[in-house]
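In what follows, subunit A forms one complex with subunit B and a second complex with subunit C.
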Partner chain A sequence: MYAVTVLTQLCIYAILTLSLNLVTGLAGQVSLGHAAFFGLGAYTVGVLTTRGFPFLTAWLLAAVVAAGWGLLLGSISLRLREDFLAIASIAFNFVVVAALLYLPYFGGAYGISGIPKPMGSVAFSVLVLATTLGVAWCHERLRRSDLGLAWMSLRESEAAAEALGVDVRRFKVTAFVLGTGLAGVAGGLYAAYIGVIRPEDFGFPLSVTLLAMVAVGGMGTMWGPLAGAFLLGGFAQAFAFVHNYQLVLYGLLLAVVMRYRPQGLLGRRPT
Partner chain B sequence: MTILEVRDLTKRFGGLVAVAGVHLHVQAGELLGLFGPNGAGKTTLFNLIAGSLKPDRGEVVFNGQTITHLPPHLRARKGIGRTFQVVQVFGELTVLENVLVALAHPALTRWLPLGRYDPPGRRQRAMEVLEKVGLADRASELARNLPLGLLKRLEVARSLALRPKLLLLDEPLGGLNLRESEQLLEVLLGLRGQITMVLVEHNVRMALPVCDRAVAMDAGRIIAEGRPEEVRRNPRVVEAYLGEGGDA
Partner chain C sequence: MDWTTLSALVVDGLAVGSIYALTAFGLTLVYGLLRVLHVAHAGVYAMGAYAGWLAFSAGGGLALALLAGAACAVGVGLFLERWFYRPLQGRPPLVPLIGSIGLFLAMGDLLRILFGPYQQGFPVLPPERVAGPITLPQLAVVGATAFLFLLVYGVVTRTPLGVGWKAIAQDAEMAAAVGIPLPRYTQAAFALASALAGAAGVFVGVYYNQIYPTMGAVPAYKALAVVVLGGLGSSWGTVVAGLLLGVVEAVAVAFLGTRFPPEGVAFVAMILVLLFRPQGLLATEPQG
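Up next, the complex of A and B:
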């Protein structure tokens, strides 16, 4: 049972890293607020299912809510050429956590508990696994599509991409909306799986962790973010007893990887 | 027939007037050389024509249509291709993929273009273009592993894949040795008549003789225009270049 729990948790990380990879790995836009969109998805499912909405409806809305905020934040902060998104997304992460903490509707620091699972625990784990595989498939489909090529081109050189007919601003926003929507999907699964959610579960440290997972695994590939999620996520499980020092360990790992293998463990995509 | 007309184009950067009321006609099919010392405003003029900079005043008319308000990607789709003074290749993509980007734009009008980016038809067209510039045998290499001479050719190949009507070449020979320069110049001359080209080049000795017409700029203004040899001997041009050691 413990193994299933851990695997489910790791799969949720994997959905998060794959979705973040669309934004950061493929389109090259650094987001340090991915946890906020994860949280928006989780709270959407938490709020709606505890009020009697069916899980599927709530789950779908989780994706829509997260993508909607992604569209808003993306269209504001991706207009500028510089890495404004990195800063704006950090700010957004703190604002979201604060809003969840201080708006009584969301249950404050205690969050929302008693979120029902729509099915048995094992069956739900299967759903999570299937979703992960589905997201991985979408990721590959996107990477090999015109959209994926447009993302990679603007990541490499915005000036050259637009000189070749790529609407840089539009496709940056597309990447961000898809990435944040999928983070909402992960959040919806997480809320129903774990049953209790609190604002602190979706804070800035998680955003950093997710980015570290993508970077350590290898940006821009499918296997990289997957490996990152399982490696660093598994690491977190194994070293749960040093909870307070986890970020320090991540930082060290990230530094070592960046020094000796800057493209990430599985970086260098096959051609 | 005039393919490009620039009317009274002006661009300021703070107190500096980089391009000052430039008027320019480019005839369809010609190879126009744009010369002038550093800081004359040549690259700024290119950026204004390609749309990466917005002018403070004036108009750009391409194929009879005012395009001054259009963003760069729409100008590219209308048929204005360009290369960059400092190479801007997609380093982490393969040589072939670099060219495929230019072939994707018909699909990129949609919000979610999910078709594969390398269908056989496009691959073949990309390979044809690479063949033309002599890069076909490097197609599957990552672009960042290529030497500068080949990157410059890759930039030309990429913009050719757009099938432009007008090609703006910003110092294509910059940083190349003599052999590389000759090879690239040969590629460009092979396009003569098919594509209108505007060429900015510091290597006046090599570039000037091949141009149909030349324009000289200094301090944001056009100071001479006409047949290459006339422009070269124009006293104002000679004077403008004296500060650079009389390289003209």
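Up next, the complex of A and C:
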């Protein structure tokens, strides 16, 4: 049972890293606020299912709500250079968490509890696994599509892409909407699986972790984000025996991987 | 709200803002030269605070604490530049950013392992009032910050170092071509940035009379907001934005109550500035 719980968590991480990879790995737009969209999805399912909506409706709306806010951040991103965008996404994350804490409707610091699961625990884990595989499949299809090529072209050089007639604005926003929508999907699954959500679960530290997973695994590939999610996600479990030194080791791992293998473990060396 | 409360809030805000300005200034300086967001700078700041605390606990006075804090911070900052940032020059900015966040997490946790997770008392100055609502620690922090920035102003405007930094920030390749030794100037920038951060760490001890391992977390992210508010790359904009944010936060928290997280104030202000004045509060040129 413990193994199933861990695997389900890792799968949710995997959906998040794959969706972040669309935005950051393929389209090259650095986002340090991905956890906010995860949270928006989770809160949508939390609010709706505790008010009697069926899970599937709530889950669908979770994706729509997250994608809607993604559309907003994506439109803002058009005005910002990369470092500004990274900081703006951090700001977005902090503001979402602050709003969830402040508005009594969302339960403040206690969040929402008693979120019903639509099926048994094991069946739900199977749903999570199936969704992960589905997201990985979509990710692969997107990466090899014209859309994926357009994203990669604007990652390599926005000016060159624009000169070749790629509609930079449209593709940036598309990347944000798809990536954040999938983060909402992950959030919906997480809320129903865990049953209790609090604002602090979706804070900036999680955004850092997600981006670190993508970067350590290898940006822009399919196996990189998956490996990153399982490696860093499993890190806490694997290093439970050195509990006291976990965070130091984790921080050093990020620094050392970036220092000695900047393209990530499975990433290809830039030519 | 009456005048006394408001003026007390403003003074409190200026003192906190001084600490923001001191840490964010280094971030802007480093960003200007290397185009990386040096998040580990907040770890340097926390390490400086602990070094100052050790010196103070060992019986040294405030001056020795400041010296120890700044010296330790400079050592750590120079090491980070040499081992981490220099080899990663030319990589996508995401690479040093992620590594820098990792370094920051490791540094904070290292302090926790070494000195324990609890707060350490750092009773440097008694919190007595000196004039009106101003207390002695507030006066010391704001005064010392003003003095430090006067020194920095002298370095930036009156020395070859300042001219070189300006040249590198404008066009690093061109600066190298006219004979400015980039590594040496970058090292000097890291030394100055880290010294200010170390001093800020000790000032936190002076102001709140305590330090703790995760004290870097707040400036780590808030300094980014300050840097954007001031205009990424505009050093004096950063100083003004830091002071301003301290005051706005103090007043906003008094109005909104403590339930609204103070980080929210900084980041809401930042989003507004990004939307309506993306070049920062003081900068004149648009970002290009």
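The definition used in the following text is that the second predicted complex is superposed on the first by the 252 of 271 C-alpha atoms of A that agree within 3 Å, B and C clash if a C-alpha of one lies under 4 Å from a C-alpha of the other, contacts with A are read in each partner's own complex, and residues count from 1 in each chain.
Here is the rule we go by: contacts are C-beta pairs under 8 Å (C-beta built on N, C-alpha and C of every residue); 3 or more make two chains touch, one makes a residue touch a chain.
Not measured: the values here are computed from a predicted model.
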item	value
Subunit B versus subunit C as contact partner of A:254, first or second or both or neither	second
Partner chain(s) touched by A:10 [first = subunit B, second = subunit C, both, neither]	neither
Dominant contact partner of subunit A by residue count, subunit C or subunit B	C
First, second, both or neither for A:164, with subunit B first and subunit C second	first
Touching partner for A:91 - first (subunit B), second (subunit C), both, neither	second
Which superposed partner A:30 touches (first subunit B, second subunit C, both, neither)	second
Subunit B versus subunit C as contact partner of A:208, first or second or both or neither	second
Subunit B versus subunit C as contact partner of A:144, first or second or both or neither	first
Subunit B-facing residues of subunit A, complex	141-142, 144-150, 152-153, 155-157, 159-168, 170-171, 174, 220, 271
Touch list for subunit A against partner subunit C, complex	24, 30, 76, 79-84, 86-88, 90-92, 94-95, 97-99, 101-102, 108, 204, 208, 211-212, 215-216, 219, 244-245, 247-255, 257-259, 262
Subunit A-touching residues of subunit C, taken from the complex the two chains share	31, 35, 37, 83-84, 87-88, 91, 93-110, 113, 221, 224-225, 227-228, 232, 259-261, 263-264, 266-268, 270-271, 274-275, 278, 287
Contact footprint of subunit A on subunit B as seen in their complex	50, 52, 71-73, 76-77, 81-82, 84, 88-94, 97, 100-102, 104-105, 107-108, 111-118, 140, 142, 155, 158-159, 162
